[in-house]
Each structure stands twice: as structure tokens, then as C-alpha cells.
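What follows is a pair of complexes built around chain A, which joins chain B in one and chain C in the other.
Up next, the complex of A and B:
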């Protein structure tokens, strides 16, 4: 029994049906961690992107080094670092928060590149035209660059959302009860890993296919030329 | 314990990580070509097997795949009367290789499709068979296009090897965990661990750049 649901071990099919609600509880945690991690990645990535494009070399280079370092080290090790080292300096976060933070930090390195590429893809002629029309730097950015960068940024971000979802099981090592951890516990108790782990695989396939389809729909519905100007 | 005493066990673990990375990247590379070409096949059976492989391994989490191979596969084997218990090393290399191979297959497919149609038409005009066209004309030109993505995937694979520590394989992360359990000196060990992974990734990136430059010569072939 887990989360108040009994399992039925009479045959594999009954077993699969009886543990499905338990796995769905785990799936809900997976989705929460994905969304929270994605949010952190979006915000931190933007910060890194702004720092990397700074005029001053003393700001831009460290930001680039940090991005490279985050990108080149495993999520698992970053998670261990946050989970075991932060408390030594008095920062004690719940496992779920630590996990979401680790996901966000790992993916901020990737999202910062998406922001940068999206903004750079807006042609130089656009900026020059805005300047010729006497728009201020701030207005050029918010009304000319951002509306054209958004259709390029959103699909790429969507792909990273799916990647984050696939990295959530790593959080099981710090006792977060997401879907894989739940399946592992069921396996530990029933000595049957085949059904729960296969079911998790199928559920993952469904989640990623749905999420990818959503991203594709978003991609086709975004105006390629940029958001309409007000 | 002084931090320098950690270095010997960590280096032993790093060597396991290097071996895992090399073996699984090679396996992944082979799978990438087999299924990337397979996805473009006109044979429906080959095509659907390739698409199925790519979707399953790209659509699920690596850790799920690893656990499935290590914990669930032996039970599946028992049900049909075959001993499918894999040693951790085999399960690890297999999971990493299958996973990275699926991502690589999409890269191979994209690169092959990016080769200009003129090249195929010219090959046909010169009476090349489809097989000769693929292996002597299209793939040599596609490989330089694949290299930057392969470089990224190799680094991705190196990072993913950390997960095999969860099936009790004595890689770098596993050794670090052992030392931490013994000394409780989290800050030093995890900082060293991060730096060692970073160092290995930088070396791997440099190696992949050299290979990329070497493969870049094919871009000029015949021109």
C-alpha cells in the first residue's frame, strides 16, 4: 500500500491497473517539479543572457564561464552539491525545492543561449531602421526586438521544458517522490519491478508526446514575422 | 583527511567514467547511423523500427531506461525463461548508448537530408546505385554537418554517465559519494567533483573539435 492505494498482485494486468493511481500521484509531483524548474530556468537564463551581453568584459566573461561550467557538469552532481553543501552554510531547503532549483540552474545555461540566439536573430537592419525612426534604445528593445524574437524563442524553450521533464527522475536521489521513485518503491515492496517501471516508461512516453505536440502547435500558431505591433 | 588524499580514489572513479563515456559514445554512434539511415529507408518495416526506437528512447527519461534495463529486464527474462541479468557495467553502457544513439539518429537523419538534391541527381546521372550514392556521395558530405551536434551529444553523454552511480557502478560520482559518507566533508568533495567533470568536459570538447576539423576536410572533397 502506498498513498492509501492497495495493489492487486493476482496478475500483471490487475497489478498495473491497481498501481496506476499511485503512479499518477508521482506524476503530479513530476509535473510540479518540471514547471517550477522551468520557471527558475527562464528567469536565471534571462539574467545570464543579460550579463553575457554586457558591454563590460569584467561582467560578460565571468557570466560566460559560469554558463560553460553549469553546462559541462552533471545535473546529479549539481543536485548533490546543493542538497549537501547549502545546509552547511545555513541554507536548508526542502528536497523538492532543492531539486527544482538544481533543474533550473542546469537548464539556465541552455535557456540563456536561447535568449541570446533569439535576440541576435533579429536583423541588424531592424535596429538601424528603429534608430532612423528616432526610437529610444528601450523602445527599440521592447517594441521592435522582443516581438520578433519571441516566435524564435518560444519553440526552443518548449523543447527544454520537455528535457526538464525527462530529467526530473534524477530528483529521486534526494528522496523526492516523483514518478520513478514511486515505481521503485512499489518494486522494492512487491519484488516486481517489471510492471511499475514499464508503466512509468509508457507514462513518460505519453507525457513527452503530449508536451511535444503542444510545442508544435504553439510553433505553427506563432506568427513567423513576429508578434503584431500595437 | 586532507583533500589531496581524495584524489587517488576520485581518479580511479574518473577512469571508469572515461571508459563508460568512450564505450557508450561508440555504441551510440553506431546506433545513430543505423537508425538515422533506417528512418530514411523506403522499406516500411525498417522505417517503423527506426522511428519506434528513436521515439521510445528520446521520449522517456534516461534514468527510467537505466532502471528498466537493470531492475526490470531480469524479471522479463525470468518470465520467458532466459537469464537477462546484466552486470551494472553492461546495463550502464547499454542504457547510455541506446539513449544517446536515439538523439544521434535524429542528427544523422537531419544531416543526410541537408545534403543538396543536386548531389543525388548527379550521382544518378553517373549511374551510381542507391547504395553507392548513400555511402560514397551523401554520407561523406553529411558527416561534417553532424560533427558539431555530435560534439554536444558527447559532452551530454559524459554528464549522463554520473547517473550510473545509482546502479552501484563505481564511477566518479559513486566514489565521491563513498568518500562523503566516510568523511562528511561535502563541500570539498563536491567542489572537486564538479571541477573534475568540468575538466573532463573541456578535454572532450577539445577532442571533438579536432575530430570536427579532421572531418571538415570531407566537405571539400571533390570540389
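Up next, the complex of A and C:
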């Protein structure tokens, strides 16, 4: 994507302006990887949380083991594993997909704990009241537990969204052209690293601030009457 | 069998090594108002929690309306009941909790209508109408749109009573309904319970520390101690002339 791209090295400002469009393309990749990774983390984390809270320990224990394993190994190891090992077994995914998947898997270990804590924070008294009113298990979960758990979960999930965003540059090692990788290549070509890397820092700051603000807006607009929140 | 709507037959309940109910025999007649008093840890609340199917039992049989609560009769044998049986039995009972246990994310109206709509299959409109009647009964007709945290403890507990009544139980269980309330709020809740006791043919089982109230509304008072009924009788008998030393000690301690 960088072949044939022109930049203006006459002064730093012109240089910055000339490379901004290509950095924005990289930023778009970063955003896509973040969103996809976060989505995988939300879905897989919920699955893990449900499995971990299963009555049968033959279900719960493997899920706990998997969570622990994912959490205690570096993202880079998992990424390399997916990128280099899976093709040996005939599963070939584009680098971008592999990267987003690795992010999602890594963060599912964290999100599963957020789900679990959120669900457990809905007290036994609520479940007992639901039982005394003869509400079914499904109704209790969807109408009593989830509405009370979600407002508790949102702020923590928002933090992980920002963390995933900041971990996307790791994907550059498997050739994903996210924002940092683009900046590095520009630096390699022009021998000027200061401007592209500074721009990356600024763009990152904008992205994380916007994401945090979004989470905060969501948080303040969720109904949470009388929920004992911290 | 007698006209007992509730019957405990040698019921045993253990929490680990602790035996909470020790072969308890206990009966309540249809429409009877029974108060259970006794020191903490004597198993009073456990009796209610077993009836509401919040706690299982370790021995004996509990009958509600002549049918075993925790067992099903299959091929002539009493077997542990499945969820279907428990749900059917549970529909006969309602419970008012010490800590109210209202749903904090729902309005007062929604707290009362949720189960009738979801469980009894009432339309929202019918459930709404019934809830309005009940709110009127507990003196909270103007509070329907509020959330529990906007109400005082006494008001919350009255919503709890309305919520339990909305399921039209024939037996209503009160688990220390005023113990979590500030003293000045106890009266309004007791007034509501007292009115229910007078005007309805509900069977009521009340665990309480409010001795004067128990004396006023009960047909019978049971003194629980260490997992058994130590003494029972009419309020007159039990409060003015207890026959057991243990009862006398307890009453003296709590009334002084």
C-alpha cells in the first residue's frame, strides 16, 4: 500500500500533512482490528463465563484451565501460535483475521471474569425473590440478573476496549499494516521517525479519548436505579 | 388426614454438622394465622425457606395441601421432586422477605406485575389493574411509578407484600418482615399485615420478634428452640402462662 506514495520532506509540517492520509488508512485498520477483537472477546468471554459457572465440574474446570492458560501466556506467543501453527493444519487465515482473533482470545480471559463478577454481584436475595415468585430460570436470568449485571459490566468492558486498541500494534509483527506499522515503514524510507511516530501517538490519544468518552456516555445512559454501584 | 394445609412430618434439615431442624413435626390449618417465635438460630426462618423451596430437606416429608412438597409420588414411591412439581407447588405459596428483596431496576408497578405476566400469563393490563388494587390495599396507590430506592424501608416492605399477594397464593410466609426496619417504620408494615390477617382467609405463617403483634394477630404461637417446637398454644396460653422454663426465659429476655 505504500508503494508509489509521495511525501513532502521540505519541512516537518508539510511532511506531517503529506503522510497523514496514509496514517489514517492505518488507523482505520487499527479500528477494525479493535472492533473485531473486542467482539470476539465479548462473545468468547461470555461463553467462558457460562462454562465456568456450570454445575458440572467436568465443564467448569476445563473452562477455568483454558482461561488461566490464556491469561498467563503473552499475546505475542498466542499470535505466533495462530499465525505459524494453524496453517500447518490447513487453517490459513489472513494476517488481519489471525491478529484480531488472537486479540479476542487473549481478552476473552479478562472479559469472562468481568461477566462472572457482574453476574455474581446480583445477590442471592434477588434469585430467591425470583424463585419465590415462581419465575423460570430463563426469565430470572434475562429479566432479573442481566439488567442488573450489565450496568456493572460496562465500565470494565470499556477499559478492555481501550486496552485492545493499544495492543493492536502487536499485530505488526505478523505483517498487519496497522497505524504503527505504517509509521515505521515511513520512518524506514525517509529516515525521519519523529514526525510519523509523534503523529501515531496523537492519533492514538484521539482514538482512546473518543472510545473512553463513548463508554462513559453509554454508562451514564444505562438505567441503574438503585443498583449499588461503586 | 386433618384439614392441615401445611404439615411437617419428622423433617430434618442440616447445614453441615449443624442440625437445624431435628425431626420436626408441625401443622398449620387452612386459614390459620400462626406466629413462630424463638431465639436466633432455632430454625424458625428455615421452616419458611423450606416451604418456599429455597432450601431442601435432609429427611422426613413436608406436605402442602395434602401433597408432598419436596417429593413426587411415582410408581408408589416418594422420590425427590423435579422442577416441574416444585413450580406447581410453589404457586400455592408467597413469601415476604426480611430484606424486602425488591428488584431494584424495576418500578414498584413492574415489581408487582412482572411475575403475574411472566408466570401466570396475565396481560399487562390485567396485571396492572390487579397491582393497583394491591397498592391501594397496602396504602401506596400513589407510589407505583417510583423505584424501590426512592421509598422508605416500610414502604418497600409494603411493596414486597403487594408483590407476594399479586401471585394469589393461598399461604403467605413472612420472614421477620420488620426486623430490617427502623423502629418508627415498623408500625405501618404491621398494620398492613394485621389487616390482611383480619380480612382475608389466607393461611399466614409469620416468623417475628414483635411479640405484641404476634399476640394480637395469631391464632396460635409456636416457640422454636434448637430445631424443634418447644411449646405451642394460643397467644394467651403462651404469653401469659408458658409451661416450659425455656419459653419463660426467652419471653422474659425479649420483653424486658
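One rule holds in what follows: the second predicted complex is superposed on the first by the 220 of 230 C-alpha atoms of A that agree within 3 Å, B and C clash if a C-alpha of one lies under 4 Å from a C-alpha of the other, contacts with A are read in each partner's own complex, and residues count from 1 in each chain.
One rule holds in what follows: contacts are C-beta pairs under 8 Å (C-beta built on N, C-alpha and C of every residue); 3 or more make two chains touch, one makes a residue touch a chain.
These figures come from a predicted structure and were not determined experimentally.
J.: Once the shared chain is lined up, is A:144 touching chain B (first), chain C (second), both, or neither of them?
T.: In the superposition, A:144 touches chain C alone.
J.: Quick check on the superposed pair: does A:193 touch chain B, chain C, both, or neither? Answer first, second, both or neither.
T.: After superposing on A, A:193 lies in contact with chain B but is clear of chain C.
J.: Would you sort A:74 into first (chain B), second (chain C), both or neither based on which partner it touches?
T.: Touch status of A:74: first partner only.
J.: With both structures fitted on chain A, tell me whether chain B or chain C touches more of chain A's residues.
T.: B
J.: Check the residue A:167 against both partner chains and state whether it touches chain B (first), chain C (second), both, or neither.
T.: first
J.: Is A:134 contacted by the first partner chain B, the second partner chain C, both or neither?
T.: Only chain C; A:134 stays clear of chain B.
J.: Just to be sure I read the superposition right, which of the two partners does A:126 touch: chain B = first, chain C = second, or both, or neither?
T.: second
J.: So in the superposed three-chain picture, is A:204 touching just chain B, just chain C, both, or none of them (first/second/both/neither)?
T.: So A:204 only meets chain B here.
J.: Give me the intersection of chain A's contacts with chain B and its contacts with chain C, in residue numbers.
T.: none
J.: Residues of chain C touching chain A in their complex?
T.: Against chain A, chain C makes touches at 52-54, 87, 90-91, 93-95, 97, 99, 101-105, 114-115, 118-119, 147-150, 163-164, 167.
J.: Touching residues of chain B toward chain A in the complex: what are they?
T.: 55-56, 58-65, 67-68, 71-72, 75-76, 79, 155, 159-163, 165-166, 173, 176-177, 180, 186-187, 190-191, 193-194, 197-198, 201-202, 205
J.: Give every residue of chain A touching chain C within the complex, in rising order.
T.: So the residues of chain A touching chain C come out as 125-126, 128-129, 131-136, 139, 143-144, 147-148, 223-227.
J.: Using the touch definition up top, name the residues of chain A that touch chain B in the complex.
T.: 69, 71-78, 80-81, 84-85, 88, 165-170, 172-173, 180, 184, 187, 192-194, 197-198, 200-201, 204-205, 208-209
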